[in-house]
Amino acid sequence: MPETLSTIVSPEGSLEVLSQSEVNRLRDTSTSGLHDLLRRCALAILNCDTPTDDGLAVMEAYKDFDIEVLQQDRGIRLKLSNAPACAFVDGRMIRGVREQLSAVLRDIVYVYNEIQNTPKFDLETNEGATNAVFHILRNASTLRTAQEPSMVVCWGGHSITREEYDYTKGVGYHMGLRGLDICTGCGPGAMKGPMKGANLAHAKQRRHGSRYLGISEPGIIAAESPNPIVNELVIMPDIEKRLEAFVRIGHGIVVFPGGVGTAEEILYLLGILMHPDNRDIPFPVIFTGPESARDYFQRIDEFLCYTLGEQVRRHYRIVVDDPITVSRLMRDGIQEVAEFRREQNDAFYFNWRLNIERGFQQPFEPTHEAMAALALHHDQPNHQLAANLRRAFSGIVAGNVKEPGVRAIAARGPFRLHAEPELMARLDSLLTSFVAQGRMKLPGSEYVPCYTLG
Amino acid sequence: MPETLSTIVSPEGSLEVLSQSEVNRLRDTSTSGLHDLLRRCALAILNCDTPTDDGLAVMEAYKDFDIEVLQQDRGIRLKLSNAPACAFVDGRMIRGVREQLSAVLRDIVYVYNEIQNTPKFDLETNEGATNAVFHILRNASTLRTAQEPSMVVCWGGHSITREEYDYTKGVGYHMGLRGLDICTGCGPGAMKGPMKGANLAHAKQRRHGSRYLGISEPGIIAAESPNPIVNELVIMPDIEKRLEAFVRIGHGIVVFPGGVGTAEEILYLLGILMHPDNRDIPFPVIFTGPESARDYFQRIDEFLCYTLGEQVRRHYRIVVDDPITVSRLMRDGIQEVAEFRREQNDAFYFNWRLNIERGFQQPFEPTHEAMAALALHHDQPNHQLAANLRRAFSGIVAGNVKEPGVRAIAARGPFRLHAEPELMARLDSLLTSFVAQGRMKLPGSEYVPCYTLG
Amino acid sequence: MPETLSTIVSPEGSLEVLSQSEVNRLRDTSTSGLHDLLRRCALAILNCDTPTDDGLAVMEAYKDFDIEVLQQDRGIRLKLSNAPACAFVDGRMIRGVREQLSAVLRDIVYVYNEIQNTPKFDLETNEGATNAVFHILRNASTLRTAQEPSMVVCWGGHSITREEYDYTKGVGYHMGLRGLDICTGCGPGAMKGPMKGANLAHAKQRRHGSRYLGISEPGIIAAESPNPIVNELVIMPDIEKRLEAFVRIGHGIVVFPGGVGTAEEILYLLGILMHPDNRDIPFPVIFTGPESARDYFQRIDEFLCYTLGEQVRRHYRIVVDDPITVSRLMRDGIQEVAEFRREQNDAFYFNWRLNIERGFQQPFEPTHEAMAALALHHDQPNHQLAANLRRAFSGIVAGNVKEPGVRAIAARGPFRLHAEPELMARLDSLLTSFVAQGRMKLPGSEYVPCYTLG
Amino acid sequence: MPETLSTIVSPEGSLEVLSQSEVNRLRDTSTSGLHDLLRRCALAILNCDTPTDDGLAVMEAYKDFDIEVLQQDRGIRLKLSNAPACAFVDGRMIRGVREQLSAVLRDIVYVYNEIQNTPKFDLETNEGATNAVFHILRNASTLRTAQEPSMVVCWGGHSITREEYDYTKGVGYHMGLRGLDICTGCGPGAMKGPMKGANLAHAKQRRHGSRYLGISEPGIIAAESPNPIVNELVIMPDIEKRLEAFVRIGHGIVVFPGGVGTAEEILYLLGILMHPDNRDIPFPVIFTGPESARDYFQRIDEFLCYTLGEQVRRHYRIVVDDPITVSRLMRDGIQEVAEFRREQNDAFYFNWRLNIERGFQQPFEPTHEAMAALALHHDQPNHQLAANLRRAFSGIVAGNVKEPGVRAIAARGPFRLHAEPELMARLDSLLTSFVAQGRMKLPGSEYVPCYTLG
């Protein structure tokens, strides 16, 4: 049984100055339906030294853990029971952990009270959803006016080889040397490597105030515990808003090898960039990995060309085994973004101009029925096919690691996906290659697919 | 005709990062019913070099002035037409003026959208009203967690003699030497002197980050233009919330000689401090002025004892002609406040513990009818009499300088107040002495009373 | 008898980390021949609230005052006996005063140990003297690499009319609004007004880190106590190095009305600027005052043209009663300086390029003999005549307010100056006008000339 | 052949504001006898990505490298020819490298001009030598007044096993979590691990302004290139002053496994701490390593007890395989140091009180003669034997990696050491164990001893 500790801590940042009514609401919120959500996210944060993508196992290991919001005259305190001891030094919580814990509470409460349960945002409209993303990011103080574009979003698998991990560090290092910041999904693997590399490079360049931004979601945070370098953490309510946050706050995107989650992100991104409204908006996208990943990207490239057409290649570039070239291309691409925004009088901190269609915004609930109903064929515009493929991959991620998905699979067996034959074959081949390369789970356990094709 | 200038400026601070919906709301708000309010407050800020308490005259002088909120992709711009030239240097707005202008816009829009027109705050309840005050102050970034208590609220007349003004500077200077910050109603006279003195003392003590907080209200800002030293400005929606802001954010209060406005403040403050719930809350209050003001404070003291009973004296101390003693007493008193808050685990930045009864919170609309109906007699508890006297003085201030009040008097003649005979006599004598001492208007013009007693 | 106080204080800044040998040297230095110098300068700093130009009177008033350097393991402490009470608040020295006191000790000891008594600087050479000026300024941390040119030196009398004083404040205010810093000789009158005005303007513009640099000398500091706004203080060892510091660190110069001291400064400045080597170095110089000073500047202008020739006019501009124009000209002139330095790859913080001939560097000891021997005639190049006239005025200043000069006059009667007839007449007329305008002493006392012409 | 690059860079920090004479001296110094020294040190800095302890090999690899100081009006520039390309990013020098390069130039020139060639410091006296150490550290801005004691000096080998290296990281990590800073000799191995661990911990604790201080010497810097985390670098002129700097600036010392260099440091440290004058000065010393190093420390412990007596054990503590205990002991020990200094009114930033005898200060030139003449027997006080053993180890380090030593050995064969028989045997056994454990050289090359015992 792991070592635990019970204590009371003060939150940080925006939770320090609260009105009486906010304290009440916070306490009520945390004891009502949100309590379980808060508890799970908090545990993911506190369990900071044990990298695992098995959220259920973590929950099991610390099943006595609990968190409670206490009201005190000067504000609130968080009462933790049986919390993982690794979050503390001699009884005091590590400050970075305390900040991340406060961020989790801040975002859960904000989303619940100010986004979901007010008439302010009509989340069913395009504008309402985007405004919600904007407000959550702003409330988390991630939108900064005084900064030149420098935010590179890095996507890729949490379960990658040592060689690939070292490669992501190398790319982060060379981007860091060139004054770029890093944003990822904030877990291990390709989400940690670039931050680690950039952190070293920033130290060498004596760059202060560097940003290591992690954007997570409650459904996956237990499987992708924020790494300790993350110094800004935002919890978006669902994967769709999380993806929108990435593309609106990032000035460029690097994609490392990954599994279905990465494939979901690629489909999402290219489906948006291919939209006619977005054609002329500069947005550097680079797929990269070590020599051993050459084949991986070739397969992705082929799959994309087959499904979305050759013109999809205009929107990304593949660079194999060359971190310096990646970092130079990214810096130059972001320079172009800066010039474009300046010309258009656009904000640097949020890409309002990007048109994201409703199909990419609507939360997709991956039930067996919804998965089975996905239209996976070419009798629809490219961006709609992209949106549906994105949903298919999203559902597989859920079946792999998100709690409700895992439970659904356990109860009713794998999802069944239907597609036109050629597409089916190619999808099958792609997914099989992910499994073969061990990109679906942490090394060690054998992967049992959560889907069948047919 | 005064020199004017038309231009477009960017706002500062919290108005820099806005969502599309906020921009729309801001633009709509500023063109709807709030436009005139915004225009008047903006003019008061821009007219920064011409100290006058005649708001109507200012409006008249710049009757072509206008302000418009423009939407731009990266945020909003403020379009100013025929603005007073004194707010600019070689065509660029002085930064402090720009900050104050942004503060005005921020507060007007916040109050309108987030306080008055949402179901969030039930302003009819005690808790709702206090929460509103808290939220407006927090939204203005005036609630700071990391600071030891140091905020001295200074009250007193805008129309005081040179000798009295120099005295307020002296008190501010000696308080500044002792590390205290200043909060006032942000106009001229006793609202400017202490800031000016403290500013010099802070420079001598190399004290950085000193606070010169001005709390105003739309109804009076035109007559009490923020002085240039004010580096934090908050516009509360009405005099009752403004007074509550003073007593909740201040750690001690110094009262200089003044007129009916000052009398209103004194009645408000003592009515609250005398409430049994507040008996044991330390709160240093000092009445002070130069030798020439000795008689003035004696009259106030007598009036207070007569109306509220001898025990009122427990709550204030009168110091004549001794700035050093005032500053030492204030520093020591605030030290006690700090210890008390620490013991009680209370916040330093907001005095939640103070019980302010509804009678002191409800906005009082000084119509002829309301004034005539005020119960001014001893057949009620002391704190109720204090509340009613506060309303009476408040009405006279409105009749003197607030636009609706001035118009009402012009239309229907002076307010008529009724009181029990002895109280009537004492009130008459007090008000007459204010007039005799020239405390009702700026020197030069003769005062025509806006009230009759009988 | 004035109130005094005895205490022990810690020094600030560069005196905080000393080696054992430095502590010894400091203690020895302060008890040896330098003790009296240190004592006098310290008293001038501590006597911060009593503006007087009568240094001897101050010494007399505080004749029991003493200062001693104590050694302690962690560094040094300063033991003060019978110090003016105005330098303290409740027994603690005002921080600004403590900084100025530390600056005095720092500079006296540095000059004595590192400039005068080492073989490092050959003060008899041009390069050695300039290097000494540079090192004293750098040791005082006044040379800053990261700043754009913005330093305006303001010269003018300590004894000026209220109207003139207000005018200097106005000029400082408008220069401050335009982002300029102020450097003066750090006493009262025209040395304080521009700082005071700029300070207010900097507050309005929310300009942080503004510089109010005072450059003094031991001989005159008692008569020109640093005003409290001065936040950087440097004590140069003699008037010649002080003048060189002004012209090498300043990016432009404003001359207000003054007496012989101001005349000395003008002659020094123009003698240098007229040198052929300096012809093409941009250096904005503006003579300015209120309407009442028009006649004053006309006389100066005539005297300069007569003595140095019409071409002297290319180096200055006279602006009467127009602070805004002065501030615009100065800002534009300094902009030119910045461009020139950038083109030449010159430092912003020190004007190395300016050629200052030995005649302007050599300390002039104004004995009766030296004064009588000055060659005041046109049979020499213009810049030599300028240098000699500078010396003549310098001697008169010494006779007026510097201790050795005052004692010499007391002992041997007025200095006798010889000049060619026409020059004599014009000099007489100029000096007489200074006396008539009360520019030689503080108002109140009648001026007894310390010179005769003939 | 390695990639190189030729360019001109500006120095950083204290070299930015120089007088003409300083520029001249710098240029002259760098072209005179110091040029080779400067060139070698600069190359060590620039060769930042190739960890090797073979200084001669580095020199050989970049034999075309050169550095020249150029004079420019605004200061100096450094002209680099054929510099290692790894110090640059797209042609711009990495800022951390530029800072370290400037530090090297700063210290070489300072030592040469202000320490060695002035009458100011009598380096032959105890006080003079200590003052020199103090002045070099202060000139490098390492003495900070506002900081609580927190500096842990970490000693240990540059050539250690991966397991040992990871252990040093672990200790650094846990000390970093507890708010401690790290100072080392600034090379690889045990000099880098603790910094790396602390750096991660400081990031987790959001600790800003953390210090990673490297203290090197010209003779060894080529073999111990500063690792990139070092953000303060000081080059002391010889090993004796380097060792004195460690013990005067550090508040505690952790010793990891190492070779003769580490043994030299241990002898130096204990020789000083055992001096009667230093008995009561708290100074926490911990020997620590992973389980595999248990035997190593047992041998050291035995050797120390045999040579210096049992009472030596009072001054250190051995902790095996327990980073958390090490970090807690160190934090508590430093807390004691802070209290002691406070009580004694001692400086935090420099341990003046420690008595270091001349025997430990005098530079030891390890010639064959000097080595042969060392008195290694018990017929002398313990601290003298410690001093001589320190010299013996120092000579072996020189023979291993310092250029003159290596050349001397190449020319004349191994150093011959004489000792009394039992001591000889124990020394032999200790040194042999170092060789056996591979602690004398980088793994890979076989060690050929530079000494013989007999």
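As written, the chains take the letters A, B, C and D, and residue 1 is the first residue of each chain.
Note that in this section contacts are C-beta pairs under 8 Å (C-beta built on N, C-alpha and C of every residue); 3 or more make two chains touch, one makes a residue touch a chain.
Remember, it's a predicted structure, so these values are computed and weren't measured experimentally.
Counting only chains that touch, the fewest steps needed to get from chain A to chain C is 2. Sharing over half of its contact pairs with A-D by residue number, the repeated interface among B-C, A-B or C-D is B-C.
Averaged Cα coordinates give chain B a centre that lies 45 Å from the centre of chain C. Here the CA centre of chain C is 48 Å from the CA centre of chain D. Residue positions of chain B with contacts to 2 or more other chains are absent.
Per the touch definition, chain B reaches chain C in the complex via residues 89-90, 94-97, 99, 174, 177-178, 199-200, 203-207, 228-229, 231, 328.
Chain contact summary for the complex, chain B toward chain A: residues 16-17, 19-21, 72-75, 120, 127, 130-131, 134-135, 138, 143, 145, 344-347, 349-350, 352-353.
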